[in-house]
Amino acid sequence: MKYTLAIHGAPYASQSAQHGLALAQALLAQEHTIERVFFFHEGVYQALSTRVVPQGEEDLLSKWQELGQHGVELAVCIAGGIKRGVISEEERQRYEKQSSSLAEHFTLVGLGQLISAINETDRYIEFPA
Amino acid sequence: MKKMLFVISNTPYANTHNAELLEAAMVGAVFDGIVSILFRDDGVYSLLPDQHGELIGQKTISKMLSALPTYEVERLFACADSITKRALTITSSPEVVALSLAEQTRLIAEQDVVIGAQL
Amino acid sequence: MSLHLVFSRAGYKACMQRKVADDAVILLADGVYCLNIAEGDNVHILEIDAKVRGISVPSHGAKPIDYADFVVLTEAHNPIVSWAD
Amino acid sequence: MKKMLFVISNTPYANTHNAELLEAAMVGAVFDGIVSILFRDDGVYSLLPDQHGELIGQKTISKMLSALPTYEVERLFACADSITKRALTITSSPEVVALSLAEQTRLIAEQDVVIGAQL
Amino acid sequence: MSLHLVFSRAGYKACMQRKVADDAVILLADGVYCLNIAEGDNVHILEIDAKVRGISVPSHGAKPIDYADFVVLTEAHNPIVSWAD
Amino acid sequence: MKYTLAIHGAPYASQSAQHGLALAQALLAQEHTIERVFFFHEGVYQALSTRVVPQGEEDLLSKWQELGQHGVELAVCIAGGIKRGVISEEERQRYEKQSSSLAEHFTLVGLGQLISAINETDRYIEFPA
């Protein structure tokens, strides 16, 4: 089956990353397809490139990026992302900021990409803030 | 096209989730989804008339609601029980249909997707 | 038939008021604190989230599941509804 | 030095606020503050024995609590009412003193600062 | 005497259970939704937060205040306790 | 009087920035002193330099920075900040990240700076997540 996942919570502010990552790995292990992971609301903070993992704790950002390397699209809501400070190199130039902050393997996309993923998949699963 | 229910269960101004969900609902309609919105529990505070989000630099939810029919989002529902418990007099425009809990059960069961898990 | 993901105690109450009687339920995150009040045959509990919080899952009542079981439940149900009030 | 009360009113693992507040309480004691901690409402779930935060890559709150006496944080209180309502059997180490609501009123009123507004 | 900042409906309940009777209270953020249940002489409501939410403040009951009044209340009370459950 | 303020919420996830800023301005107008504003929990996201203000909305970051220019110390909890992705140039180098993300006029400090501010001031006021 084809799945769309949505992550609504920031790291450390909810378990949404842990749930989303563990379910994504289990889905791939059972040969399902994940069309897109959509980061919405405070979920956009998952894509911040500047996060430093505390000693002895899980590196959730690397785990997302591994999923990305396995072909899962990591899509960050562009409106929600840029207002919270998650910007790509392109947005950095447009808004004349000093640095970009979107981690590798993530892309900024419009809300239409959430709806089209939902339209093209069999299941939509949301992990709240 | 898919039947999509957006659920608003939280107060409107503590965070911007309600505004973001309403934007997603509009996009759903633009993409020809069969879009409904359900206001339940603290989400019914979104239906009070005469809000002024601009006073704290936020979008005004009551104004966003008025714009929904323009986007052909016309299936608006609210939990009757949640409104009664909070003793609210809600806005009359756009039209919002009050539902019993049993009617909400049917509304949810008939969807292809339900969007809007909220804190 | 729907699958309901219950992430909190308030979410549990909101879900119970609005789900079809034999819909499937998974208690996860703070939803695991509802273990002792959860009723019905088709209630599951994400075992790792219960263990994290010091909640032990007795042999009767909600069925303990892992993520592989979670996947199987998502295959069999739609829509999947999250409750996190 | 100041009397500081840290209030833990939220569940322990949905976010990392409880761990962060406990760290602040330890630092308060290191700086010679007269530190108390009150667990109330959903905060009392922090007092369950045998937690395993490491399973989701988080600090284990019950282990942090055991370390508090090492930092000379020894005034630990819990709302008796909140524990009863949730039918909990709480940890016995470190020692946590159950307080009535009236006792909590006195505890709060005698502080110089109260820390820990939580969602 | 303490000043209690009430940011939510659950916070209102937690505060009322634990405050000294004549302590001062400010309803702000989602705490303004408690206007119709707020009791006592020494209850204030941050008027801008009420207006934002479409809550009108009647002439009796909680006293509408602005940030300058908020400052005056903080001068006169300690500790200042936030309730946001 | 001398005040310490604490901000616990992320922008857009709570009103803590609006409350904290408006109260800070009113305090200064009445000739009080703000010893330190301490950003804790998700409040650390207030200090992200990469935020882009949506058209027609308030620029909360600039308002914080104006306070900083008026001598108010804007102190971000270092442990909470770096794990969430709010890092100074110094931390960027230490952890070998591509860019820093702490906005001008903010500093990363230890929790001891919260306690010492509390010890040295008459009032502590907290704005929750």
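Note that the chains are named A, B, C, D, E and F in the order they appear, and that numbering of residues resets to 1 at the start of each chain.
We take it that a contact is a pair of C-beta atoms (placed from the backbone, for glycine too) under 8 Å apart; a residue touches a chain by one contact, two chains touch by 3 or more.
Everything quoted here is computed from the prediction, not taken from an experiment.
Trainee: Mind listing the chains that sit against chain A and also against chain C?
Mentor: Of all the chains present, those in contact with both chain A and chain C are B, D.
Trainee: Which other chains touch chain E while also touching chain F?
Mentor: Where chain E and chain F share a partner, that partner set is B, D.
Trainee: In the chain contact graph, what is the shortest path length, in steps, from chain A to chain F?
Mentor: 1
Trainee: Count the C-beta pairs in contact for D-E and for A-D, then report the pair with the higher count.
Mentor: When A-D is set beside D-E, the one with more contacts is D-E.
Trainee: Tell me which chain's centre, taken as the mean of its C-alpha atoms, is farthest from chain D.
Mentor: Between chain D and the rest, the longest centre separation is with B.
Trainee: What whole-number Å value describes the gap between the mean CA coordinates of chain C and chain F?
Mentor: About 38 Å separates the centre of chain C from that of chain F.
Trainee: Centre to centre, by mean C-alpha position, how many angstrom separate chain B and chain D?
Mentor: 37
Trainee: From the mean C-alpha coordinate of chain B to that of chain F, what's the distance rounded to whole Å?
Mentor: The mean C-alpha positions of chain B and chain F differ by 33 Å.
Trainee: By residue number and range, which residues of chain F touch two or more other chains?
Mentor: 12-15, 57, 79, 124, 126-129
Trainee: Among all residues of chain D, which ones touch two or more of the remaining chains?
Mentor: Where chain D meets two or more other chains at a single residue, that happens at 13-16, 42, 56, 58, 113-114, 117-119.
Trainee: Residues of chain E that touch two or more other chains: which are they?
Mentor: Touching at least two other chains: 5, 7, 29, 49, 78-80, 82, 84.
Trainee: If I apply the definition of touch given earlier, which pairs of chains qualify?
Mentor: Final set of chain pairs in contact is A-B, A-C, A-D, A-F, B-C, B-E, B-F, C-D, D-E, D-F, E-F.
Trainee: In their complex, what parts of chain F are in touch with chain D?
Mentor: Within the complex, chain F touches chain D at residues 6, 8, 14, 40-41, 77, 79-80, 110-112, 114-116, 118-119, 124, 126-129.
Trainee: Taking the touch rule as given, give the residues of chain C at its contact with chain B in the complex, in rising order.
Mentor: 2, 5, 7, 10, 14, 17-20, 23, 78-85
Trainee: Can you list the residues on chain D that touch chain F in the complex?
Mentor: 1-2, 4, 15-17, 20, 23-24, 27-28, 30-31, 33, 113-119
Trainee: Which of the residues in chain F end up touching chain E in this complex?
Mentor: 1, 3, 14-15, 19, 22-23, 25-27, 29-30, 32, 122-129
Trainee: Can you tell me which positions in chain C touch chain D when the two form their complex?
Mentor: 8-9, 29-30, 33, 36, 48-49, 51-56
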